[in-house]
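Same chain, two partners: chain A is paired with chain B first, then with chain C.
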Partner chain A sequence: MERIDIYPTHEHEGIRFRRGKPLPFGATIVPGGVNFSVFSKHATSCELVFYKKNGKKPYAVIPFPDEFRIGNVFNMIVFDIDYEDLEYGYRMDGPYNSELGHLFNKEKILLDPYAKAVSGRGVWGKVPDWNNSFQYRSRIIFDDFDWEDDKPLEKDMKDLVIYEAHVRSLTRHSSSDVKYPGTFAAIIEKIPYLKELGINSIELLPIFEFDEFENSRIDEETQERLFNYWGYSAVNFFAPKVGYAATGKYGMEVDELKNLIKILHKNDIEVILDVVFNHTAEGNEKGPYISYKGIDNKTYYLLTPEGYYYNFSGCGNTLNCNNPVVRNKILDCLRYWAADYHIDGFRFDLASILSRDQNGVPMANPPLLEALAHDPILGKCKLIAEAWDAGGLYQVGSFPAWGRWAEWNGKFRDDVRQFIQGNRDVVGGIVQRLQGSPDLYSDRGPTSSINFVTCHDGFTLNDLTSYNEKHNSKNLENNQDGENDNFSWNCGYEGPTDDPAIIKLRRKQMKNAVTILMLSRGVPMLLAGDEFCNTQFGNNNAYCQDNEISWLNWDLVKENKDIFRYFQKMIAFRKQHPILRVEYFDSGHNETGLPEISFHGTKAWEFDFEDPSLTFAIMFVAPANKYGTREDEFIYSAMNMHWEMHGFELPELPEDKNWYIVVNTDMESPEDIWEKGEEKRLENQNELLVGSRSTVILIAR
Partner chain B sequence: MEAKLEFNIQEKGGIVKITLEGQLDATNANSLLEELKKLTDKNIKEMVFFVKNLEYIASAGVRTLIFSKQKIGKNADIYLIAPQDEVLEVMKMVGLNNFLIIQDEYNE
Partner chain C sequence: MEIKIEQKEGIKIIKLSGDLDGTNAEEVQEKIIVHVDSDSRLVFNMGKCKYLSSAGLRVLLIVAKKLKALGGKGVMVNLLEEVKDVMEMTGFSHILPSCETIPEAIVYVKKEG
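Showing the complex of A and B:
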């Protein structure tokens, strides 16, 4: 039955409207019309501005009558709107006084902070018309996507193997062999590959609408354009990046992304979004008016007492996340992505900023983080923090968690890199990392630790073993940008080489790294392309490179199928052994009579935790009852990061069992890793020789 | 720029045949929708969209198909006959291929 109680009461320039509802914020389809609602504490008046699709001039401007404002919220219902053909914005009037933090400008047409779709950057890389006074245009979307029986997969955190990928980088390269390179739709074509590899969760670099032209510039030498390629700079938090959708030019990016998520779920792959709430694309005092700056600068941004922007993000401004209005907006946003897009989890960029109060001071119990941890709608979502910010706050191990938050474990990355490089001083750290970092997460459990050796930010794994120094000159910042402390080692030559010994060593080092990653308790994360030696040619900060530096070269899969195979089998090994995937730091003696985790030197059962060393072994002993396996399981891994071979005395096994070799990174493929059931019995059951800079894994049968 | 769409709708014995030519987008989807709405009270068994000469379909056009399914023919089969590659790809990318029967030809 159609409602008869909602009817127009007002008319302006032929447009009929009435009082609206202050909640929900944004534009909501209601019977007969659309409810518009927008917050501004400091605006004195507000106008709704309507454009036809791609229109240069508004076709209607409707001032909100003052009686339509409830508290700080302007709202109205407008009737007879052709939703498909509408782009809308707001104009706000109010004080302009930068010292007080107010930057109102009634000429600026502002994007709705709650817009569910944004047009204006429909096709990636297409130069916008800068003369257009309305660049980022709010759109209304339909809620008619058919999810069938889909819902978030709710996998146990302990079972995840995360694959970090950039939507465009994944399939933009000519070798990708997809119909619409660089798009959401193209990812669907890579699903069989992802399943073959064995990952079960894909973490996408930012996909909220951003402007690739923000700070874009032309390289005079190559005439190539440098872009805001990674997109860590949201224009809007509710709308997907149109330029990532093959159907974006038809206005169907929302459906295309939902379809991708639905199909990933059908294939048992979770979707985690990298979300950036610490700052926006509006930059500093000189940045453009997109939305927040013109709607309520003082509410949305952290400002110094003089009215300047705090810059804890390193990107010009800092969102005022612990202001109750902004906090609720972030909550609304994440709830929307969880409910309407079935997102399985979120990774929060520079999350430590979210713990700063309105003066920028870190809080012990930041209300935003607590609200996220306890939110009913996000109750089953993974919450992952990048537990530091660009303002010097470093909270790895101490991020306020309420039992819900996991962290990118930067210590894991640094320790593993240094250890495989041959730094004996970090062995104590490696002992912790393998156990899931109990030194950092003693009261939170190993699933708080997202373990990784590489991520988008820094060298790829191939480059970690091929370059001592970063090579970022193509970023046009005189090689000043990007991390200097990479703990990378080129194995004897800077960059690509034909030297077989160096090539062999690099491959071994890559295998050593992924072996430690897959053997460690906690949640492993891989960087897309590392499994086939993808290179960024030594660039460790490719944030602006929309070219072969960033695009994954799929030809390398064939060229490096030994590395791919190794990754694949190591992931499978992890999945086969529940003792590696746990929620508690159980390491003491269990019902086998042995410790669940023990450490050994070159002599069995002898390991000096105080002594710097490059040789040690870890043994996991898993009772069948506890882990639901057919029989008790033994995993012994010897790590020799010394440049010489070492013999390891093996711990004695129960009488009916023998040691079998699963992994030896010193061997060439396919003898570097054996499939389940194919493992080779060790001839000498008492001593194991481990080659230089090599890792060996044994199991008992 | 006004996109050009020509359409023709015929209903006979619960079978609706719709021929679409040109470009179906926000500028013209409404007029098609208005015509389709006239069918809502009829007992429709099949809706057959002949789209061989439809060059592209934007969001608004897709919505008219969804409307057809939900409001007109909940229990009807919706056919899409001879879509061009571009149109077919759009259907697949937004996940609409599930509820459409896509064929090269329509057999009476």
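Showing the complex of A and C:
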């Protein structure tokens, strides 16, 4: 039977409408029309503004009758809308008093905070018309994508091998060999490659709508434009970046992204999104009105008692995450991505901000983080925190977790970098990192630790071994931007070189790094391109570089196929050995009669945990019963980060077993790593010689 | 958008010319859907369809789903490259398949199963 509320009751300028529903927020297709609902606590009135697609002037402005407001929510149903041709926004009137935090301006046309699609930046890099008074326009989408039998993969955290990538960087380079470079669709063409490498989770740098033209500028020397390339600055949290979609010019980015996720899932690859809830693209007092500032500045932002923006993000403003309205918005947003896009997990940029209260003070039990940890819809999603912020809060090891949150382990990165560089003082740290960082996560387990040596922030692995100093002058900030404490070492020459000894050492160092990463308990994360020596030419902060600095050069895969092969085999090695992928810090004696994890010096069973050292070995002993393997497994890895060769006395094996060599980073490819079944028996079963700055892995058979 | 229907070897060939978008989606759907009944075999000649919007795509999908529900079969033919790419990239191509030529399309819809 037909409902009686599908008929309009009001008319304004030829547009017919009626009272709507306050929930859900945003624009929702209902019988006969579209329900619009928007929150503002402090607005005195609100108007709905309609444009035709790309229209310069609104074709209708409909004031919300006061009886359509319920509490602080304006709502109405508008009839006869051509969904595809509509771009809409709101205008809000209210007080302007910056000391009280109110910045209402009834002339500004505002983006719906719950818009599911945003137009205005449809084609990446196309210079916008700055005279247009409505830059970022809310759109209505069809949410009827045919997922067939797809759902999030729900892989165990312990089994993940994460690959961090920027959508555009992945396939924009001319060497990418894809039909629509730099897009969501193009990633599909790289899936066979990703499977060959062996990763099972891709973590995408921000894909929420952002404006690549925010703070963009022209390099006078090259006439090249610098962009807001990484996009850590959301214009809207519900809409995908249109400029990343090959079909964005047709407004079909939503379906294109969903299709990518569906196909990644079909190929057994999870999708993790890097989400940035700590601030928005509206900047500080001088920034533009996009949405929140004009809708309810005081609710959405953390403000000082004088009404200025707190800047814990380093980006001008700080979202008021623990205000209940904003908190619910973030929750709605993540639920939407999990339910409607089948996203497998989220990595929260500067997540420590989410633990600050409405005055900016860190809380012991931040309600937002607790709500996310216990949310039913997010119940199987991975939650990963970047456990620090730009306001000085550093929570690695102490991020409020409720047994759900993992963290980017910054200590892993710093310790591994320093150790392979030859800093003997960090050996105690390395001992912890290999075990999954029990010093940091004793009550949470190793899967709380996302281990990485490199990520988008900082040097690529190739550059970590090729540069002592950052080279960021092309960012036009006088090389002042970017991290200074990189723990990088150029191996004897700054930048590219023909010196074969230096090249060899660099490759060895890269292999040492990925070996420790893949051997460590916890969850490894790789930076896209490290597996083929991708370079950013020494730039350790390429946030603005939409060019060869950031774009992965796929020609390097052929040039560095030895490194690719090494990464691939090392990932495979990790997958073959369940003792490396665990949820508990089991290291004591197990049913083999030996400790599950033991440390050794150059003498077997002798390791002084107090003594700084560059030579040590770790042995994993895995009982067959516990780990479901055919027989008990032994993995012994000797690390010699000293610049001289050292002999290691090997622990004795049960009588029927012998040591076989799997990895020796001192050897050239293909003798640096042996495939399963191809391992070479050691001639001397009692002592192992390990070359300078080298890592060896043995297994017992 | 112009819709022309011809019969070939007992198969209805529906030729869509022009743009298919939100402005005509409903009308086009109504005109096509009357040809869908149990065991219908339809070929959509898309050679003159330069642009399919999100709503336009959905018209074809609704027709395809209805065909399937009634035990019929449909196929598109002569898709322009860009239209074909859009369908593939947005994940719609699995719902309504496509062929290169009309004879191929006729063979395809005549096949059982």
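Definition applied: the second predicted complex is superposed on the first by the 696 of 701 C-alpha atoms of A that agree within 3 Å, B and C clash if a C-alpha of one lies under 4 Å from a C-alpha of the other, contacts with A are read in each partner's own complex, and residues count from 1 in each chain.
We adopt the following convention: a contact is a pair of C-beta atoms (placed from the backbone, for glycine too) under 8 Å apart; a residue touches a chain by one contact, two chains touch by 3 or more.
In this text the structure is predicted, and so the values were computed from the model without any measurement.
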Clash-or-fit label for the pair chain B, chain C on chain A: clash
Partner chain(s) touched by A:255 [first = chain B, second = chain C, both, neither]: both
Partner chain(s) touched by A:107 [first = chain B, second = chain C, both, neither]: neither
Which superposed partner A:610 touches (first chain B, second chain C, both, neither): neither
Which superposed partner A:246 touches (first chain B, second chain C, both, neither): both
Chain B versus chain C as contact partner of A:185, first or second or both or neither: both
Residues of chain A that lie at the interface with chain B and also at the interface with chain C: 82, 84-85, 142, 144-146, 148, 179-180, 184-185, 246-247, 250-252, 255-256, 258-259, 262-263
Complex contacts: residues of chain A adjacent to chain B: 53, 82, 84-85, 142, 144-146, 148, 179-180, 184-185, 245-247, 250-252, 255-256, 258-259, 262-263
Touching residues (chain side chain A, partner chain C) in the complex: 82-85, 141-142, 144-146, 148, 179-180, 184-185, 246-247, 250-252, 255-256, 258-259, 262-263
Interface residues, chain C side, partner chain A - complex: 21-23, 51, 53-55, 57-58, 61, 85-86, 89-92, 94-95
Footprint of chain A on chain B - complex, ascending: 25-27, 29-30, 56-60, 62-63, 66, 70, 89-90, 92-96, 98-99
